[in-house]
Amino acid sequence: MYSFRNDYSEGAHPKVLQALTDTNLEQTVGYGTDPRCEAVRVLIRRLCQAPDADIHFLVGGTQTNLLAIASLLRPHEAVIAAHTGHVNVHETGSIEATGHKVCTAFSPDGKLTPELVESVVSGHGGEHMVLPRLVYISDTTEIGTIYTKAELQALRACCDKHGLFLFLDGARLGCALTAPGNDLTLPDLAVLTDAFYIGGTKNGLLFGEALVMNTPNPYFRWHMKQRGAMLAKGRLLGVQFQALLEDGLYFDIARHANEMALRLRDGVTALGYPFPVPSPSNQQFPVLPNRVVDALREKGYEFETDHAVDVDHTCVRFVTSWATPESAVDTFLKDLADCQ
Amino acid sequence: MYSFRNDYSEGAHPKVLQALTDTNLEQTVGYGTDPRCEAVRVLIRRLCQAPDADIHFLVGGTQTNLLAIASLLRPHEAVIAAHTGHVNVHETGSIEATGHKVCTAFSPDGKLTPELVESVVSGHGGEHMVLPRLVYISDTTEIGTIYTKAELQALRACCDKHGLFLFLDGARLGCALTAPGNDLTLPDLAVLTDAFYIGGTKNGLLFGEALVMNTPNPYFRWHMKQRGAMLAKGRLLGVQFQALLEDGLYFDIARHANEMALRLRDGVTALGYPFPVPSPSNQQFPVLPNRVVDALREKGYEFETDHAVDVDHTCVRFVTSWATPESAVDTFLKDLADCQ
Amino acid sequence: MYSFRNDYSEGAHPKVLQALTDTNLEQTVGYGTDPRCEAVRVLIRRLCQAPDADIHFLVGGTQTNLLAIASLLRPHEAVIAAHTGHVNVHETGSIEATGHKVCTAFSPDGKLTPELVESVVSGHGGEHMVLPRLVYISDTTEIGTIYTKAELQALRACCDKHGLFLFLDGARLGCALTAPGNDLTLPDLAVLTDAFYIGGTKNGLLFGEALVMNTPNPYFRWHMKQRGAMLAKGRLLGVQFQALLEDGLYFDIARHANEMALRLRDGVTALGYPFPVPSPSNQQFPVLPNRVVDALREKGYEFETDHAVDVDHTCVRFVTSWATPESAVDTFLKDLADCQ
Amino acid sequence: MYSFRNDYSEGAHPKVLQALTDTNLEQTVGYGTDPRCEAVRVLIRRLCQAPDADIHFLVGGTQTNLLAIASLLRPHEAVIAAHTGHVNVHETGSIEATGHKVCTAFSPDGKLTPELVESVVSGHGGEHMVLPRLVYISDTTEIGTIYTKAELQALRACCDKHGLFLFLDGARLGCALTAPGNDLTLPDLAVLTDAFYIGGTKNGLLFGEALVMNTPNPYFRWHMKQRGAMLAKGRLLGVQFQALLEDGLYFDIARHANEMALRLRDGVTALGYPFPVPSPSNQQFPVLPNRVVDALREKGYEFETDHAVDVDHTCVRFVTSWATPESAVDTFLKDLADCQ
């Protein structure tokens, strides 16, 4: 038995926890203005080759999404997202709660294209409709797919053409940037997006997202405080991200998560189960017979149901993380074989 | 040199950090629905003798304040607060950002009384004005004072008379409940308020506030998620609060903070400096000559300026915490004496 | 030449204007609390056979929609609308600006059915998603179609089953209730909806909508004032609605608008142009060759483009009103024939 | 008997009503984009000597205030107002409902000064507090006082120094600009404020305010629509303002209102009743013995109570308008004398 339910089912990577322990009784000023946060800001700017980027540390993904988006938009402006976009479906209307409409485009693979963006833009015009102003994408997407550099460049060009901000939700950015087929880098993201974040909660931290703001947004800290998103002991975010980023641990453990996911995918495929949307990253969505789903759950495996395919089959989601041991995958595959 | 700037200048009590380390690789479901959070909810209900209370764990104080308040109010309803109230002054308009006005009453000691509440209520009426609906107080207050049981009972009666919710900001509740002169208990708060919180960030945790909701608020978790306030690894909050609450550590360390503050107060008083508003808790506000203030800062002491008293004198704030060693206070007093 | 652009292209029915003139110098209290507004409230309750309904007078449709909806919902609750719903498309995100998501269902004829409503409801659940809570429909719909009593009863049953409010946008209610095929009455609407409004702006008034609230909403006037929707000289709304409703003028002139629309439809049909979605009311949507569209505009006719059908054809909209003379329709049809 | 309750107790000036009647069946496009609105925009720009000003027509004062303010501010920014400011007291938290805090300064005469503005500005700083960004004043103020040109210039200089917008609520602007002691003109206001409005509802119109925006605000019409503030038959506002402004009627009738108020004031003064705050405009606030107040009401006079002065005396408000006949004032004074 093992939980493949999510990539935040466990705590932090031991190195991160050790860093928190080592610095526990250092006295620092609060709210992310301490030397450790400053040091990681320098580090992130260097990793992104973005000396002018503003770096803000936040606690979670929904918080980061709503702050980045609401701080960039005026009241009449709207978001463009894939219909599966996390902000559209799974954040309890957090964007609308800040006053902004989310306009959606149907996208089977969870990715936006210039054509999809333009289909929304061209359907709007004049003061009786909202003004689409920001494109929300995620990498990896909610269904595990990733953007290539060419795709992101095309989106950037589309955004420039239509005066749109481009915001990339990087809750699973580590897995995106280490997935087979990826050719994007942090410096690419700093050039191609107006803002993106390096997700820590789902890749080795207790909690934390590092927002990289590539467009001027001088009062962002006012927004953070106003939304209750400024951590008193802000240092905790700096310490954690330093442990993760200073020597590449972030990418190493994300690569591991992907490897475990692909090992799982290959094993499931070998047993004859299909994956309708191929994913190269740490979320895998096979279609299983319902009786197999039930049998796995009886064995104690935890995972989420994505959607019913037909009366006998369900598309489920398996998520691996930096903490998933190879043995857990292998045992699972054996148990899956037994369920057939 | 020592920082008396705030009570969140350091990390967590070692026992709390140990608990996080011990449970780090437990796999649990997210968002505060895990067994550890559930166990602490049971514990808190028991400590409060409030079997029907809803317990929610949040990351920080501003977040908790805005969520508790906004989730209880309808759009036309307003908050009553002391003019010094944290939600009125130091949260960047977080309540207004949820759509609600904060109506203030001038209170030299930071506390609200039935008379002050009624002065606001009686000044409102009819649909051209907001409807005051919730009284916001804090214990300890922003200037270190505390409520007695009789005072809180009187406020409760006033709220009942006027159909008002009573919400108590407990960011420094530990210090309030262990201060000399306090006669309030957790069970009292559960009876006398509609909601209050047990502040952890300022008393031993890395972060965390435990909101005790004594009035029905069935969709509070929807509000949490919508405002970006639902921690993915919610377990972290349960684990920390368990370490703090299971054997009374919360009160022990708060008492220590108060003792250090009163030691500091007595020493400063002995040197002839006045404290215009007496505080029995871990924030102390003496008036010092500006040259003494400067001299202390040159020695490396950190603390905040509260306000200028006249051209030569400043009211400053010294804050102690669970982590303040007696030696730090004694050294400070010696250094202060040297500054005279 | 004539403008078929909209049903608010002209002023008020002469009887309405006369009533405003006759009462112009009467001194009354403001904000809709005057005797004339009160008299019309009594009249509307009688017409609706709804002695307990609350009647509120508002200036325009978007204002009425956003107030009715926002006053009924809690922050986490959402609206269900057809994808063509006016609140979803043509009100500049007014609902989202009050904090609420609009969830849409695709509906070719602009109407919602229990099946469509349930497709949205069943796709939501738990605190990570908004809670659908109010069904928004319009009668006539944005594309001229109307609800039957059976259809509305079925929606009501669906709403009851799922705990949903049912709100009916009646901007063109006069035309709906007098269209061929209609079997709904004002008393039906008072029973079957939680709120609906009797649209005046598009049917004989200078401006004005009468909201009939069939569910408790005691602080609605606070909401009105807060949103800037309480007319100082509220009497103007009472006077106008009295002129319109006291002797059935409202229905007489709506019937006229429909008759003009159907006369136009029949004439256009006779010339061989199709109407993909049949409409029995005062909005007609034929598909015309682009060169005919251009020729009509050259002749000075005004009307809106709905959407491009193919490179050579456009679906356009013709709207008639209480003020449309039969001769304008006949001349138009002659001119259209000339354009062939 | 007569109602001195408010300056919107009656309808429109007969010339305005005639203009509405004369143009009633003209077909025009909606939403304020018609030729009549355009013509009045040209006229207003000429009257203000402000060729670049944007002119927007709105229905009422609260609507205009909230739109002008919310469209200029970012979420963390706040308003500075006198404690008596209409937006602070009598608009049901409409500004807060758009997310912005109203910071107040105590002002006995209802006016703001640079000193008062700076007392608020200097009390704010850093991301834990809102950022004051817009100064709200009204002319005449809520208590009838007016600004001089020197006072407004000083406020403008203060606003420039601190990066603040200056917004002037002109609900009673006609009476301000025609009051004894006034030396301000429309061109002055166009130079000295970022936005102001020419109030029509309280000076001769059925309804309507003409907002003059002197600072770029390109998406204001989006805001209007989103808040439900865009009148479908926008032409009604253009027609009314044209009748009022084309030949100076606006100022003539405002001057009349003032004259009636001063006649009333002089008569009341002659009877020995004091006016604690002198007002040169159409609102007068004498202090009367309660038995006189009661006696006047028994005679059928209507007016509002401002506040209780002591157990025996009340400060009341008498408001005159363009429609107040001299005879009504004289009869009132005679009746008042009888009440002594």
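Each chain gets a letter, A, B, C and D, in the order it is written, and its residues are counted from 1.
FYI, a residue touches a chain if its C-beta (ideal position, glycine included) is under 8 Å from a C-beta of that chain, and two chains touch if they have at least 3 such contacts.
This structure is a prediction, so every number in the text was calculated from the model and none was measured.
Student: Hey, what angle do you get rotating subunit B onto subunit C on C-alpha, to the nearest 5 degrees?
Tutor: To bring subunit B onto subunit C, one rotates by 180 degrees.
Student: Measuring centre to centre with C-alpha atoms, which chain is farthest from subunit D?
Tutor: A
Student: Can you work out the whole-Å distance between the CA centroids of subunit A and subunit D?
Tutor: Distance between chain centres, rounded to whole Å: 51 Å.
Student: Centroid of subunit A to centroid of subunit C, CA atoms only: how many Å?
Tutor: Distance between chain centres, rounded to whole Å: 42 Å.
Student: Where does subunit D touch two or more other chains at once, residue-wise?
Tutor: 75-76, 91-93, 97, 99, 127-128, 130, 222, 225-226, 230
Student: Answer with line, ring, star, complete or other to describe the graph linking chains that touch.
Tutor: Chain contacts: complete, every pair touches.
Student: With touch defined as at the start, can you tell me which subunit B residues reach subunit C in the complex?
Tutor: Result: residues 31, 70-71, 74-76, 99, 127-128, 130-131, 219, 221-226, 230 of subunit B touch subunit C.
Student: Would you mind writing out the residues of subunit D in touch with subunit C in their complex?
Tutor: Its residues touching subunit C are 2-3, 5-6, 8-12, 14, 17, 20-21, 23-30, 59-67, 91-94, 97, 201-202, 206-207, 222, 225-233, 236, 302, 323.
Student: Given the complex with subunit C, which residues does subunit A contribute to the contact?
Tutor: These residues of subunit A touch subunit C: 75-76, 78, 89-93, 96-97, 99-102, 127-130.
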